[in-house]
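Both of the next two complexes hold chain A, though its partner changes from chain B to chain C.
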Partner chain A sequence: MIDWQEIVAALELTPHHPKDLPLPPVRGAYCGDMMSDVLAHARRGDLWITIQRHRNVVAVATLVGISGVVVTGGRVPPEDTVALAEKEKLPIFSTPLDNFQAAGRLYRILAKAGLVPGIQGG
Partner chain B sequence: MQLRFEVQGMDFSRAGQAAAKIKKVLQQVGVEPGIVRRAIIVAYEAELNIVIHAYHGTLTASITPRKIEIVAEDEGPGIPDISLAMQEGYSTAPPHIREMGFGAGMGLPNIKKSADDLDIQSEVNKGTRLRAAIFI
Partner chain C sequence: MMEELAHHILDIARNSVEAGATRLEITVEEDTQSGVLRFVVGDNGPGMPEHVRRRMLDPFFTTKSGKKVGLGLPLLQMAVQRCGGHLEVSSAPGQGTTVVATFPYYCWDRPPLGDIPRTVVGLLAGSDQVDLCYRHVYNGQVFELDTVEIRLRLRGIPLQTPEVLLWLRQHLAESINNLCGGGEDGQDRLARRAG
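Now for the complex of A and B:
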């Protein structure tokens, strides 16, 4: 089981969802900025790393069953996106890191937990 | 059971809502997750094609014990060359739409991969009718 606190610290995340929102288990991750790509290839339980922050991100994340959205590059999700995420009970964060840095740090955490296919945990 | 949704061109604020409702109903009637996933990829991409390219249209999902059929019908510019539109990476979406992460030229290829049966009829300057079936 991945510790959300570890992810929040390593990826320098600022939450934009309500404090009491339960955080679902993270089972993997997907990094992508094209909606069709994420819809087709991300998996249920993935944390989604993206530069996109418009409200359709919430629609795609909800359809896939994403565990949380990380908006990168210091971009802050606008109010309408945050409101829709709250309605859908979707955790949404921002980070000053770019896609590469955020994915790299998350990869290390997931690999350690044995959640990266082909990579041994430890 | 049939679900029918009106879809407005360029209304990105509501884009994806029809697919979300279809997902909810499929889960409620106990369709297995893999089939639900394929159906929502078809529904979302068809819905977004109307939002991105057409003036307005309808998205219909017909659910029977044997199959899920999704029909997207629109009034719009139509598709001059369907085989070209089916190629991954080909898109006529304008730059500001692409910047939002749409118009990657993956919509119709995603639908083709997810559907067991696909039929597209289109008339330039009139509209497009897409029918896709996923067998349960």
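Now for the complex of A and C:
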């Protein structure tokens, strides 16, 4: 089981969703900025790392069953995206890290928990 | 956004067909001098009533039953906005729908045009009730293909015959290539068209 606190600290996340929003379990991760690619390849329970912050992100995340969105590069999701995410009960964060750094730090956490296929925990 | 503009064209045109259109007019316009790439997808479908038109860019709106999200136009709008282009949709009940997407030609974030012959043939293969006019304009030079004329020349052989579709795909590929990439600097031009 992945500890959200650990992810929040390691990825330097700022939440943009209501404090009382329950955070779903994280089972993996996907990193991508092209919506059609994320629709095709991300999986239910993934944390999604992206530079995109358009409200379409919320629609794609909801369709896939993403457990949370991490908007990178210090970009802050605009109000309409945040409002839509709240309505859909989708956790949404921002981080000053870029895609590579955020994915790298998350990879380490997921690998430790045995959630990266082919990589043993430890 | 999607990988190629052709994927957006396919998506929009499929919506037209699913909505009941029997004729599609697709135009791709490349103007390298003024730096504009525009595509137009027009149909003779039922058109959108006001309440649909108002929400057509809302990703959580769809007219299809059993679906929660409708991403066709929202993703196209996102692609257009990302490059500083613009999207216009005109539609009214009984008057069909026309989607015009305008992109700056030279923009790193613009998806490449992609595989138009495959898109056109894919649309035709998927529905035998549809006629399609494809027009490609490159710096004022025009190539046009209309399946109404092709059907006449086929004298009863269905357009969906695999050999016909294969020919159509090759014909489109060669014609568009001649139009846009002909001459000695063809490779260079092709590379630039890729985005």
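By our rule, the second predicted complex is superposed on the first by the 122 of 122 C-alpha atoms of A that agree within 3 Å, B and C clash if a C-alpha of one lies under 4 Å from a C-alpha of the other, contacts with A are read in each partner's own complex, and residues count from 1 in each chain.
Going forward, a contact is a pair of C-beta atoms (placed from the backbone, for glycine too) under 8 Å apart; a residue touches a chain by one contact, two chains touch by 3 or more.
From a predicted model like this one, the values you see are computed outputs, not experimental measurements.
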| item | value |
| --- | --- |
| Chain B versus chain C as contact partner of A:40, first or second or both or neither | first |
| Contacts of A:6 with chain B and chain C, given as first, second, both or neither | neither |
| Which superposed partner A:60 touches (first chain B, second chain C, both, neither) | both |
| Chain A residues touched - chain C or chain B, whichever exceeds | B |
| First (chain B), second (chain C), both or neither touched by A:80 | first |
| Common interface residues of chain A - those touching chain B in one complex and chain C in the other | 34-37, 39, 54-56, 59-60, 62-63 |
| Chain A residues touching chain C - in the complex, by the definition given at the top | 34-37, 39, 54-56, 58-60, 62-63, 84, 88 |
| Parts of chain A lying in touch with chain B, wherever the complex brings them together | 33-37, 39-40, 44, 50, 52, 54-57, 59-60, 62-63, 80 |
| Complex interface listing, chain C residues touching chain A | 1-3, 7, 59-60, 68-69, 71, 74-75, 78, 81 |
| Residues of chain B defined as touching chain A within the complex | 12-13, 15-17, 19-20, 23, 33, 40-41, 44-45, 48, 100-102, 104, 106-107, 110, 113 |
